[in-house]
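By letter and in written order, the chains are A, B, C and D; residue numbering begins at 1 in each of them.
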Amino acid sequence: MSQPWLRRVVRWARRRSPWVMHYNSGGCNGCDIEILDLLTPRYDVERLGILKEASPRHADILLCSGPVTRQSRDRLRRIYEQMPAPKWVLAIGSCACSGGVFAGGYNVEGGVDQLLPVDVYVPGCPCRPEAMIDGILTLLEQVQ
Amino acid sequence: MADLLVALAKLLLFPGFAFLFACAMLFAWIDRLVIARLQGRVGPPWFQPLADWIKLMAKEDILPTGTNGWVCAALPVLSLAAVLTASIYIPVGGWIAHAFEGDLIVVLFLLSLPPLAYFLGGWATGGVYSVIGGNRSLLQYFSYEVPFLMALCSPAILSGSWSIAEIAARQSETIWGALVQPLGFILALVGLIGKLKRAPFDIPKAKSEIVAGPLTEFSGRKLALWHLSIEVKTVVGIFLLVNAFLGGSGVSGLLPAPITFAIKSLLVLLILSVASVLYARLRIDQLANLGWRVLAPLALLQIAATVWIGAT
Amino acid sequence: MSTRITIPIGPQHPLLKEPLSFMITVEGERVVDSALRLGYVHRGIERLCQTKTYVQNLHLFERVCGICSHVHTTAYCQGVEALLGLEVPLRGLYLRTLLCELERVHSHLLWLGVLGENIGFQTIFMYAWRDREIALDIMEELSGGRVTHSGNVIGGVRIDVGDAQFSSIVSRLNDLEQRVEKLLGVIQHERTLRVRTQGIGYLSPEEIRRYCVVGPVARASGVDVDLRRDCKYAAYGRLHVNVALAHEGDVWARTLVRAREAIESLRLCRQLLVGLPEGPTRVRAPRRVPPGEVVSRAEAPRGELLYYIRSDGSDKPARVKIRTPTLTSLITVHDQLEGVETADVSVVLSGIDLCIACVDR
Amino acid sequence: MNIPRILELLQEVLPAARLEVQTVPIDEHFISLPPDNLHAAVRALLERSDVYHLSTITGQDLDGQIELLYHFWQGGGLTLRTGLPRDRARIETITDLIPGASFYEREIAEMLGVTFLGHPDPQPLFLPEDWEGDPPLRREFALPEEREEGE
């Protein structure tokens, strides 16, 4: 990928084809159903090229929701490791950002950033679908 | 020398690989768009399949430890090569790269190779979901392949030739196969849906059951090649059906041949898209039942009827 | 092929929106055994709530589950109000019930969509979730939140319906009812959907009783329980609730029960709006709660929800026990899975309406 | 739910115990029993009354004892209350009578350290396998935050 034109083409493609994968590491479901809502007719993120993938090997962006519980910790890290580079992490919702209302619980480790390098934080409890789309687009603007 | 150049151009540009690539991207987009619109969504922009493909090509390519890298790389290439080779014998809009008596058999044989590669791809990567998906794709293969083959035999019997171009030409002179043999056309369509593993027969890659089936562990370039081979296969399958049942590119002379061919192909694509919106996914045993108890006997009936028509 | 393979379903699996681990042992395509592992979403809420005041806990219990958030605070508030001896104004009770019913509609439509996705019927998913947006819109208009509403406070509700909103909400409810009727028609007539759900995950009424299963799963097996009618909490004593029942006991029956319940809920919503009494929506509640204990029950979208609250006279609860309805149906999954095809695992699991956040707490 | 009738029934089954009904909001009736009699009482309820639905079992750590509350429901609430000593918290399982109690008992076992004798599958349900220290709902267990405050 030494040629500048090739780099430009690849960047163009990456910005227009972000495939996401979702893992709830201990949240209350509120953010998760809003993430699913992204696919439905009102928000339809397929118009932005966003597809929800099932296998970590196919995904570019990991959407994390919920605080990280002790049982989920290792699984979350493994999912991230399985994803091929270049990959990004979005923390969806207040819990994923900081632990939210559950911070201080005996089984809660805190936000996702305790574990993974988070690229964009989308706060809100639960955060609205519009905010998530904005978060993904903010991330894509930074993609090189 | 000039002959060689023309042959190369035919192979690489039109109606060869470059053309097929463009068609694959276009058809994939139309398919996704139609499905989205029927579900009340906006759908992706026209360049979406291309962007997806380039992005996958530029991604890191990892395989689980303990798998044979060469095998995993060879399988999607094999699958793609088989469908590309098949495409050489299929007339497109009046142009034929290659044709001989009996090329229908060759095409059918080549089109049955990708499922095998798909199955082996599942075993080669070795994940639980991949293996189950691979097994299912093989089981599915046995269910749809026989009715599909028999359905495609009947136009050949009727026109008395085993060359695709010949069948299409004969039909455009007389009457479309789909009108004489509507049953055969429907059987071939159902078989094609099974072959392409499209909903409602997307059993080997059922997302809610086995993640992505045999492709679960593939990533990056290999995944891009798999996707491309599936998309090209869709195009080739549709072209084949248009030639065998809808009279190819020939028409009463109202429109130029390439345009009629394009319209017919899009029509078949539309049927496939609508079918995937309308039905829930079947179970593998339900598909096997459907294949052997319904489709296969109907296909036999169809052949018997064709032979009888041909005799009288 | 008699070799046994163990298929892990979860913690990360497209079938599950939340982490849960099922190890399914299959012989060929037939399930022979299953093992369940919970706790991926266990946040220790029952311990955490002892460190927060009664008012702070409103927000914590709302987040036990994001789908049925309002009914959790309803059960909690009604318990604390009973301890305090507070009489909630009638208008407050009506509005509380209104949100409960809207939430039921949204939850059942969401479930229908998830079922559709799990049996590979994308279109049902898209349509059900598109129509669900109407219910979400109304709830957002009333409370400001799409999914979690913070509608309840101890002593009443903090929302109100103005005269200007009234007619627009009623007309949207009518629209939604027509759409759900249409969806019900699709469910009843679409053959592939029936083929996939009929006879799957059968539970007999005896099994329902032995395992103490509640909610739509019990009602689909012909066990007639519904706390809205039997317990008459909130404003349900003033409403006539028709309980949707079916007798087949399979996933198909559960689908019908939930769809009919959604239609009934919309009818109740209209009834509540039309009969909405005048007056205040809440009364002030003291911070400290006198010592005592209370058992508070409510009918969540998934069935009976139980809160046990014990107060020691301070401003923080001494013990809160939450029993969520999904836990009861989860016990039956092992029996339901035995002998089904691998492909039906997703149908069985969606049939009970999994809500792991509720289960794990 | 006919509470006097149920009290009569339980008294008949357990002649040694002195049973009383305590009414608690919201329409809930508590009957206290010695732990050894609980299994027999549940059996009597199932076999000789129309009560069959066990809503849940609540466990709590009170002064001096671990209290278990068996919440039943049949048109009204009935709760059987029993107390176990903190250092020897053991009770017979009721999963043989009500299989649905299995998860509730497992939860109490890990959260409060109660042993249910004869439980068919006494594994932890929610806590991680590598959980160390006191059961989280026991009084001696402190959250990280509380530990800091205490120091």
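We adopt the following convention: contacts are C-beta pairs under 8 Å (C-beta built on N, C-alpha and C of every residue); 3 or more make two chains touch, one makes a residue touch a chain.
Worth saying up front: this structure is predicted, and the values here are computed from it rather than measured.
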Next item on the list: Count the C-beta pairs in contact for B-C and for A-D, then report the pair with the higher count.
Entry: B-C
Note to self: On a CA-centroid basis, which chain has its centre farthest from chain A's?
What the structure shows: D
Notebook entry, point to check: For chain A and chain D, what's the span in angstrom between their mean Cα positions?
Noted result: 42
Note to self: Taking the mean of the CA coordinates per chain, how far is chain C from chain D in Å?
What the structure shows: 25
Next item on the list: Provide the C-alpha centroid distance between chain A and chain C, rounded to the nearest whole angstrom.
Entry: 27
Margin query: I need the residues of chain A touching at least two other chains; which ones are they?
Written below: 40-41, 54, 71, 104-107
Checklist line | Set of chain C residues in contact with two or more other chains | finding: 13-14, 39, 42, 44, 47-48, 51, 126, 130
Next item on the list: Going through chain B residue by residue, note those that touch at least 2 other chains and give them in order.
Entry: 39-41, 207, 211
Checklist line | List of chain A residues in touch with chain C within their complex | finding: 22-34, 36-37, 39-42, 54, 56, 66-67, 69, 71-72, 75, 79, 100-102, 104-108, 125-126, 128
Notebook entry, point to check: In their complex, what parts of chain D are in touch with chain A?
Noted result: 127-128, 136, 141, 143-145
Check: Which residues of chain B touch chain A in the complex?
Finding: 32, 36, 39-45, 47-48, 50-55, 58-62, 207, 211-212, 215-220, 223
Notebook entry, point to check: What does chain B use to touch chain C in their complex?
Noted result: 35, 38-41, 128-129, 131-132, 199-200, 202-203, 206-211, 277-286
Next item on the list: Using the touch rule from the top, collect the residues of chain A that touch chain B in their complex.
Entry: 1, 9-10, 12-14, 16-17, 19, 40-41, 44, 46-47, 49, 51, 53-55, 57-58, 60, 82, 84-86
